[in-house]
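Look at the two complexes coming up: chain A is in both, with chain B in one and chain C in the other.
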Partner chain A sequence: MATTARGRPALPQGIGRVTPGWWAFFAATLIVLAFGIVAIIRELTAGMVATGMRDVGTAGGATWGLYISMVVYFIGVSFAGITVAALIRIFDIERLRPIARMAELLTIVSLILGAFAILVDLGQPLRGITNLFGFARPQSPFFGTFSLVIAGYLFASIVYLYLGGRRDAALMAKHPGRLQRFHRWWAAGYKDTEAERRRHYQTSFWLALGIIPLLIVAHSTLGFVFGLQVGRPGWYGTLQAPAFVALAGVSGVGHIIVLAAIIRRLLGAQRRITMEAFSWLGRFLMVLLAVYLYFMVVELLTLLYATPEVEKRLSDALLTGTYAPIYWGSVAALVLPMIALMWQALARRWNVGILVASGVLVNLAAIGKRYLVVVPSQTHGTLLPYEVGSYSPSWVEYGVVLGLFALGALLVGLFIKSFPVLPLEAEEEVSVDA
Partner chain B sequence: MAKYGMVVDLERCQGCRACMEACKVENNTTESMFWMYVFRFEEGTYPDTKMSFLPRPCQHCDNAPCVKVCPVGARYKREDGIVLTDPDRCIGCRYCSLACPYGVNYFNYQKPQDAYYALGIDWEDPDVTSVTGGVVPPYKNPDHDLLYGEEQRRTAGGGHAKGVMEKCTFCVHRVENGMLPACVETCPTNALVFGDVSDPDTPISRYVRAREPWHLLEETGTEPSVMYVGGKPPTLALTEIERPKARV
Partner chain C sequence: MRRGVTATMVVAGILLMIIGYFGAAPWGADTVANSDPRITLAPTLFVLGVIVVFSAAIVYELLPDRERR
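And now, the complex of A and B:
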């Protein structure tokens, strides 16, 4: 049995053991995060003038830009994690059980990033927190984003992760070490008795049933932020909310595939995360992608067939104008994975490399599509004949977004190094007991 | 209770933009902010061209999309029809500016002191500070910092502060003291008419009865308090002669 330098038996899954590679990873994320913090400080001291955002209309800009695109993207990613975790629970999908915890982790981390992205987008971030508690108005479409998504959904996900992890925490807490206190705190007196197991199972099951409608509503409210605005061409539409949910699923499942492949490689867990799990995820991604592509085609057809004058300016900018490279790039990054997934499904042979490439591509497409929902309707979507505007993010915005990604990677890395990201197996339990 | 409204007579407007200037002086707005804005349009191709003008204050909508979307109630509608922004409550999410189809909202992207028209003046210069007393801009309308209406809230007139939204207030500080908004007071051709539309004997009510007013972007259902007479609704075929060149 592997032991640490001090002669203690090593914890399973490399927990608590920070190898030089991991040090390099943490250092890299911290450096990028520090750059992001510098950018935030610049934005706080100078004001939003440090960003590329400007007023819509006479100033010819976009007053929502990369930040809001990333809010929508991050919250979208969070969708799939908890969906997959809940589906595993409800339908008892045994082969997916090893990825349940990393899926929950992905949801929590991306929701935290989404919340931060909202805060950096506010002109008065501190007031954003205090005034929302004091004066929040349910009539604002933003209310759903703050209450259902950030509060309700994040809280539910944390409870979910907590309950699902208590048994492993109790096992880990038997092991002396620096992390013992943390594991003991998580276990909180859990003894793994029959009654406790049943109670946990029941709680998780009902939570899973409750969380799915909650998250459909929550993601729809994010779509309503745009879909209810009649004064902005390209935003107003009934398809906005369902398309948001569909693209959220696409980007989230794509993300889980990438994360699962990385953890599988890292922990040598080829036996735990089986090809059946990947084929299930690949099929799930394919279905969601098909739904989203359907929405996209319907939207495009409506836009091209019956284009009112104000929408025409916008569709021209999207299809052939300023935004055409992002638009067609995103379409390609959705269609290519769709073809690859269909081909693999028909051949019944799944390849992790192709799946990971598909996951990365659909996420790039998701960022592109979110950006195209947010920005063009401002620069090319004024109803009064203002001149056409332009927007390009400044280094501050890029820095903050990179910093957010680094923060996410850091949080995931810290979790992997301090808690079993795969549920403990029988032999691992023995090694802890020893 | 009075219900305030404004009529813009496009047959009288000559596009001089004195209203924009008056607004800036009255409300101390910073560079690139145009609470009142006058479009100067050109139509057709040379030599068959036609010019037209369109003043665009905040429309003070009765069904204001900006009020509906504000997550904290910083943007509010008063009973007398004026739509105001509470600069002490605004969190700077800028949703109002996207909900508004008219583009009347202006955000303070930086400290207002850094955004005032410098005109080549170094505000820190000792010779300048000996005159201004170090205040930027040198004159600030003190009425802006008072509380107005039943709500007793500050309005965006006093709200030039980094990270909050602001827009036309219908010069609430003047109206509550029985004066006309600065743009209306200044207009040399009386193209702007302001008053109580609920009282049939006011000049604005007579105007509304005599002419056929229309609203800007009627199709968006915002029910504006600002009405237009003469001219015709703008279309995207119109192009602005020049775009305001301002530093943000």
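And now, the complex of A and C:
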């Protein structure tokens, strides 16, 4: 049995042991995060003029830019994590059980990043928060996004992760060390009795059942933020909500594949996270991609068929104009993984490397598509006779977004080093019990 | 006891959400004055309702058994 420098049995999955590689990782994320904080301070002191955002029409810009694109992206990523975790619980999908906790973690981290991305988009975040609690309208899709996504969805995900982790926390709490107090707090008196197990089964089942409709509503609401705006060509449409849900699934499952592959490699968990789990995720990603590509083609045909003037200006900008590189780049980054996944499904041979590449590509495509939903309708979609506008993010915006990614990586890293990211299995339980 | 507390929390949470929803600014407000919430901090009540409903799950699992008390 592995032991620590003080002769105590080492905790499983490298918990509490920070190797030089991990120190380097934490240092790198902290440096990038510090850069992001400098960018935020610059924005708060200089005002929104430090960003590339300008008024729509009169100033020829876009008031929603990279930040809002990232809000939509991060909240989208959160979709698949809790969906996969809930599906595992409801349908008892045993082969996916090892990835359930990392999926829940991904949901929580991406929702936190989404919330921060909203805050940095507000010139005066504090004023925004106080007014939101006092004057927001629950009927509004904007507030719906906050109340359902942040308050409901994030809180429900935290509850789900917390309750699901109590058994492992109780086992870890038996081990003396720096993290014992944390594990004991998490376990909250859990004794692993038959009654506790039964109760947890009931709770997690009902929570899973409650979370799935909640997240569909939450993601549709985010789609409605755009889809209900009658005066904005490119946004107004019935497909926005379902397309948002579909692309959310695509980016989230892509992320889970990447995270699962990294953790599998880091912890040497090839036996725990099997190829069967990857093939399931690959098939799930393929189905979601097919649905999203269908929505994309339908949306494009509608935009091109008998197009009114403003819509034509918008479709020209997307297909052949300013935004064409991002548009076609995103299309390629969706179609290539689709071909790779179909080929693997037909050949019944799955390769982790190809799956990871697909996961990365669909996420780049998702960021591109979110940007294309948010920005072009403001610069090229004004109904009033303004000149065509433009928007390019400033270094402040790039710095903040990089800082958000670093924060996400830091939170995931800290979790991996303080709690079993893979549910403990029998032999690990024995080593902890010893 | 456990089921009672949990059910009460779920019902109370839903009630808070309903109060928050209908206590906020009315649909189709025709003046700025009418666009103020009808109940102070109505949106907070709505958010609180969502949180109370999901907190019921924690209470259901963590509440000690009667025989252990």
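In this section, the second predicted complex is superposed on the first by the 433 of 434 C-alpha atoms of A that agree within 3 Å, B and C clash if a C-alpha of one lies under 4 Å from a C-alpha of the other, contacts with A are read in each partner's own complex, and residues count from 1 in each chain.
Just so we're on the same page, a contact is a pair of C-beta atoms (placed from the backbone, for glycine too) under 8 Å apart; a residue touches a chain by one contact, two chains touch by 3 or more.
No experiment lies behind these values; they were computed from the predicted model shown.
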{"item": "Contacts of A:F143 with chain B and chain C, given as first, second, both or neither", "value": "both"}
{"item": "Partner chain in contact with A:Y162 - chain B first, chain C second, else both or neither", "value": "second"}
{"item": "Contacts of A:G152 with chain B and chain C, given as first, second, both or neither", "value": "second"}
{"item": "Chain B versus chain C, judged by how many residues of chain A each one touches", "value": "B"}
{"item": "First (chain B), second (chain C), both or neither touched by A:A46", "value": "first"}
{"item": "Which of chain B and chain C A:T203 touches, first, second, both or neither", "value": "second"}
{"item": "Touched partner set for A:A27, first chain B, second chain C, both or neither", "value": "neither"}
{"item": "Chain B versus chain C as contact partner of A:A188, first or second or both or neither", "value": "second"}
{"item": "Those residues of chain A which chain B touches in one complex and chain C touches in the other", "value": "132, 134-137, 139, 143, 146"}
{"item": "Interfacial residue positions of chain B with respect to chain A in the complex", "value": "32, 34, 37, 39, 41, 56, 65, 68-74, 89-95, 97-111, 162-165, 216-217, 220-222, 234-240, 243-244, 246, 248"}
{"item": "Residues on chain C engaged by chain A in the complex (per definition of touch)", "value": "17, 20-21, 24-25, 27, 36-37, 40-44, 46-47, 50-51, 54-55, 57-58, 60-62, 64-65"}
{"item": "For the chain A and chain B complex, residues of the former touching the latter", "value": "46-49, 51, 53-60, 63-64, 121-124, 127-128, 131-132, 134-137, 139-143, 146, 225, 229-232, 309-310, 313, 378, 382-387"}
{"item": "Contact footprint of chain C on chain A as seen in their complex", "value": "132-139, 143, 146-148, 151-152, 155-156, 159, 162-163, 166, 188-189, 195-196, 199-200, 202-203, 206-207, 210"}
